[in-house]
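Structures incoming, each one as structure tokens.
You will see chain A twice below: alongside chain B first, and alongside chain C after that.
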Partner chain A sequence: MMHIKPILAALKRHKAGTILIALQIALTLAIVCNAIFIIHQRLERVQRPTGMVETDLMAIHSAFVGMGDNQGGPLIKADLQALRQLPGVQDAVSLNSYPLRGGGWSTGVRTDVDAKDSKAHTTQYFGDDHVLSTMAVRLVAGRNFRSDEVVEADPRSVPDPSMVIVSKALADKLYPDGSALGKPIYIGDTKKPTTIIGIVERLGVPWNAMWSDDFYENSLILPVQLTSPYTSYLIRAKPGQLAEVMKAAPAALVKVNRLRVIPSERGVRTFAQIRDDAYKGDRGMAILMSVVCLVLLGVTAAGIVGLTSFWVGQRRKQIGVRRALGATKRDILSYFLTENLLIGVAGVAIGALLAIGMNLWLVTQFEMARLSLVYVLVGVVALLLLGQGAVLAPALRASRVSPVEATRSV
Partner chain B sequence: MLKMTHLSKVYRTEVVETYALRDFNINVNEGEFVAVTGPSGSGKTTFLTIAGLLETFTGGQYHLDGVEVSNLNDNERSRIRNEKIGFIFQAFNLIPDLNVFDNVEVPLRYRGMKAAERKERIMNSLERVGLASRAKHYPAELSGGQQQRVAIARALAGSPRLLLADEPTGNLDTQMARGVMELLEEIHREGATIVMVTHDPELAARAQRNVHIIDGQVVDLAEDPRFHHAVHAARANSPA
Partner chain C sequence: MFGYYLDLALRSLRRNKILTALMVLAIALGIGASMTTLTVLHVLSGDPLPGSSATLFYPQVDPRDMDGYEEGKRPPDQVTWTDGNNLLHAKRADRQALMTGGAVPVQPAQSNIDPFFSDARYTTADFFPMFKVPFLYGRPWTEAEDNGRARVVVISRKLNEKLFGGKDSTGQTLRMKDTAFQVIGVLDEWKPTPRFYDIYMQSYGSVEDVFVPLSSSRDAHLEHAGSTDCWGTGGGDGEHAETSPCTWLQFWVQLDGADKVAAYHDFLVHYSQEQKALGRFQRPVNVALPGLMQWMDINKVVPGDVRLQTWLALGFLLVCLVNTVGLMLAKFLRRAGELGVRRALGASRREVFTQLLVESGVIGLAGGLFGLLLAFVGLWLVRKQPSDYASLAHMSLGMLLVTFVLAVGATLLAGLLPAWRACQITPALQLKSQ
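And then the complex of A and B:
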């Protein structure tokens, strides 16, 4: 480090190359920090739990043909009976939607009958007393519905139910003191109270878009069996029997009633496939960002290798002179590593400011989260290490220049 | 100070062996000013690069300041170059990106000397060559003669035991060459040991002793009659 002053003096005489590489490092750091932040956010979303035990779980979408909204009740009952009797099936339920399905019902919830604004936004799952066991969500307080508490309803005019099971996140939002069990809530515009009889540990909403992130774990389960001819069956197979149930369940439904449509695409899916489809966009974005990062890092490393190689070639004689005047190979190596480190430090200093500035812009323009400084710090260290790694080969080549080079005339 | 005995340097390729130095013997005593002369391709520069530990040799022995150098590793050779040898090159070999002060400082930094001592030595040696006022100038802003004086200041700053000069006036006009030569003579009078490689009989005439090389071997100057006469003529015309 004792050679910093003359190295800085020399760099001042090579401003163009120095500034270009420093700027390249700065831009790379700014983009890579934000890209990795986005990748991390996306990967966190891809991995976030639904609250259900997702293994051995599958879904079938079915639509009865030529039927009104209030005529599906008996047919759904027959379907559920057939599904639950299949040897590989542990339980099954008919629902308006389920986590990660992509479409569902949402509403506001109040705790005060006179309140104009809702206290929380939530999704609503309509199903019978088999919802909890089929989803395998954990009941942390209260109880499940009894079968006699489940009512049938036309989806166009669902009555206000007298009871509800809520997710813990929603319970805590509505009653932050932890006393939600047994308390009333008012769903939508109704004046009629619905009592919380159970709380499940976690249950995600059907959507995975950014706009639903604020209420991702706010869910209501209502003891209502909708009579719509369009329904989704969530089926839990016995452990290890999912593959058999995937074949047997659609066949069983067709056997009960042939007048139905089960879409060939996405009509029958394991939950692993459902999760895969739901987060395809996030995974794609993470892959794209990763490729951008790798390309940028590669280009920056190549730039450093290129510039240093050029400088080594240009300064061959100078290196020989330094060796003749007493520099060891290590001194020459250290010279180029230090020179690169100085450029790198200037680059990452500018880059860190750019990264934060870029993130602030993304925050205001695209409602992105604030970039944690840890990303910037890790980026700074990574870029400096990349720089030192990239310069190593040309610097080693420089250190091998013979001192006799000082006497060469060209 | 410098003693080479039966020294040889062979450049080998797949098909041919070329002897740059063969059974080469020379002995330079402390405080001597020796001119090593010879025609182009005779081995003068090879001798200088080996003497300056810039290159290794193939056979024989070389003692520098009492140390046999053939078994030294690269780091030890660098340390000896730095502490015991001062180089003056024909092309000056200043570092263009550094100013005069920083150029003279280069060997002192490699010695790990403290900043205050470095500064004192740099200014002393620049004053000695008459360029203290040009310390902040870059080489490109100086004349050839001034650049060579800076190179001499750089060589002197480390207080070397031996000064090796390779055609020190080769790139200078007559007037500048005279100035540089007078400076070298002055340095010699102050006690320095100087070995100067040159093909210029006038410069050779100003050294205390001439060592003439032909085909990689030291020969009697009389074996090169034209050069012999030129040196004698130069000595006869010398004002001293």
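And then the complex of A and C:
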């Protein structure tokens, strides 16, 4: 470290180049930190579990045509009967929505009948007693619905059900002391209590957007079979028989009743496809950010190599003189490494501030969380290492300059 | 002289191929990324109705009760049935239309086509002239037909092709939800981008296939789709949507001229005061009259990810430019000897400066060309994405020009500092050390 003074003196003679490298390191650090933060956030979302066992699971969207809004009841019953009798099918259920579907119902929930504001926001799934077994969600407390507890209802005026199964996240939010089982909740504006009879380990909402992230695991399952002509069938195939069921199930539905529409696009999907479709945007963004980060780091490294090579070329004579005066190869090498480290430290210092500033600005413009300082620290270390790596080749070349160089062309 | 500088530039660039390639590549990557995202942003934030968007406004009033009242918040994004109809029938604007979205089951007469659902728009007559909707066949419906609750329908060109083989289908019958409607018009290709009139529907999809008078849609119990926002004792019940305290309709007006805009704003204030006196409105008067483009802005119609990507790409370009400045500085200063000779032989500082700028311009042009190629690849990748705006990502002539101006301009800017530094070389000193 005794070399710092002469290095600083030398850098003063190369102000423009020094500032440019420092600036480039600072900008790169700021962008890469924020980009990696965004990538990490997106990847966390993409891998987020729904709480269901997603293998051997598929969904069909169906809409009956030419009938009133509440006349789907018997037809859905016939559909479910046909689906559950298919040889490859383990269980099937008709729902208003399911996790990652993209559209569904949401409402506020209170625990106090007189409270004006809801205590938690949640999604509502309407289905019969086969919901738990089809989704294969784990019941951690209480019990499932019995088939005689399931009621039919017109989707335009659903009566308040007397019982409900909730996700654990919602139960904990509503009753933080863990006593949710058997307790009442009030859904929406109602004054009528609904009793929690079961708690499932985890069940995600139908949405995967940023706005639904703060209630992602808040779900209600209500023992209500909606009679709307639009419905989604969630079907669990027996292990390994998903491919056959993908073909057999839609055919069976058409056989039961031809007067229906199964959309050609996204009408019949395995859950793997549903997950894929739901998170395509997030994955695309993560890939794009990663590519930009890599290229950016590459460009910065190339810039450092270029400028340092120039400096080495410019100072061959001085290096020769130092070598002739007794400096070892190691001294020359450490000179350039230290020089780069000094510039790098200045760059990352500015860059860390820039990164935080940029994140604060992004938070005001986009739905985004605050940058954790761990990212900045990792970024700082990475960029300093990158700088040292980039400078290594020109510095080694400098260390090989022969002392004879000092005597030439004077 | 320019030819000579160009020759010098090319020679110099050839002499150090790796450095040249590095600079061109950095510029190209920055330009390619920026142009891809800027093109997408440009397409998505474009004017859906060039020429008439400046005269279109979206009146808002606040009919809610005092629950959850906060001062300074915007009025609801939509209007109630009562307010929408009151404003519609007041006819204080040059044109006005009340509308909402929906989905209808279409039952084709042909037995070989299965019934299917179509996106629909239920609206009043002025929708078509106000938004300058082009017609292929027939005509829009009239106000009289609105009031007469006529069973008429205007269909899209796409639906006309599917059901009637693209022939003039006016006068034919279209069955929707067990009700017969008479086709009176077929739209020509019409794709306002973004689809501005209903922010709760996909902003970058194609327009609806079926247009039905709002009054008739209520009679035929056609399903409403989109957002319904209720308060107090209101429920989302579609059958009683006329009387329940819910906002679920969009109301647009055309106002030709600033004085009319001001007058309409006053009218909205008076209307709100009147409704408050009647006891319908409870909150302090809160009205807004944003223009079309302003309304798109308020609702952040352009997806956040697209804006984020644009900023990312611009930041990327900035780093690439800083990088280029550094590399050019190294390159120009390394040629101090050569430049010293030129200066000693009589070239002025200005001439050396121009020569170096020509060199950076050549790098910019090469980077721009290569960047353009990358931008085409980038846009092709965007079109492969599943987003609803993917198909819109195309390079336009304007953006092509912007690419070149940006590339060459940015590189010239990047060349300024290195060229200026290189001009400062004292010829004598350089010659002496040779």
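Assume the second predicted complex is superposed on the first by the 408 of 410 C-alpha atoms of A that agree within 3 Å, B and C clash if a C-alpha of one lies under 4 Å from a C-alpha of the other, contacts with A are read in each partner's own complex, and residues count from 1 in each chain.
Operating definition for what follows: a contact is a pair of C-beta atoms (placed from the backbone, for glycine too) under 8 Å apart; a residue touches a chain by one contact, two chains touch by 3 or more.
Since this is a predicted model, take the numbers as computed values, not measurements.
Visitor: Sticking to the clash and touch definitions up top, decide whether chain B and chain C on chain A clash or fit.
Guide: Result for chain B and chain C: fit.
Visitor: Identify the partner contact of A:21: answer first if only chain B is touched, second if only chain C is, both if each is, neither if none is.
Guide: Touch partner of A:21: chain C, not chain B.
Visitor: At the CA centre of chain A, how far apart in angle are the CA centres of chain B and chain C, to the nearest 10 degrees?
Guide: Seen from the centre of chain A, the opening angle is 90 degrees.
Visitor: Name the chain, either chain B or chain C, that contacts more residues of chain A.
Guide: Touched residues of chain A are more numerous for C.
Visitor: Looking at A:31 after the superposition, I want to know if it touches chain B, chain C, both of them or none. Which is it: first, second, both, neither?
Guide: Only chain C; A:31 stays clear of chain B.
Visitor: In the superposed arrangement, does A:326 touch chain B (first), chain C (second), both or neither?
Guide: A:326 sits against chain B, while chain C stays out of touch.
Visitor: With the two complexes superposed on chain A, say which partner A:116 touches: chain B (first), chain C (second), both, or neither.
Guide: Once the two structures are laid over each other on A, A:116 reaches chain C alone.
Visitor: Rounded to the nearest angstrom, what is the minimum C-alpha distance from chain B to chain C in the superposition?
Guide: For chain B and chain C in the superposition, the minimum C-alpha gap reads 9 Å.
Visitor: Do chain B and chain C land on any of the same chain A residues, and which?
Guide: On chain A, no residue contacts both chain B in one structure and chain C in the other.
Visitor: Taking the complex as given, what residues does chain A use to touch chain B?
Guide: Residue positions touching the partner: 2-3, 5-6, 9-10, 13-14, 317-318, 321-331, 402-404, 406-407, 409.
Visitor: For chain C, which residues are in contact with chain A within the complex?
Guide: Chain C reaches chain A through residues 19, 22, 26, 29, 33, 67, 105, 107, 114-117, 177-178, 221, 223, 233, 235-239, 304-305, 307-309, 311-313, 315-316, 318-320, 322-323, 325-327, 329-331, 333-334, 385-387, 417, 421.
Visitor: Where on chain B is chain A touching in the complex?
Guide: Touching chain A: residues 45, 48-49, 52-55, 74-75, 78-79, 81-83, 87, 89-91, 93, 95-99, 102, 105-107, 109-112, 154, 158, 166 of chain B.
Visitor: Name, in rising order, each residue of chain A that touches chain C in their complex.
Guide: Within the complex, chain A contacts chain C at residues 16-17, 20-21, 23-24, 27-28, 30-31, 35, 38, 63, 65-66, 69, 116, 156-157, 189, 210, 258-259, 261, 263, 277, 280-281, 284-285, 288-289, 292, 295-296, 299-300, 302-303, 306-307, 309-311, 313-314, 362, 365-367.
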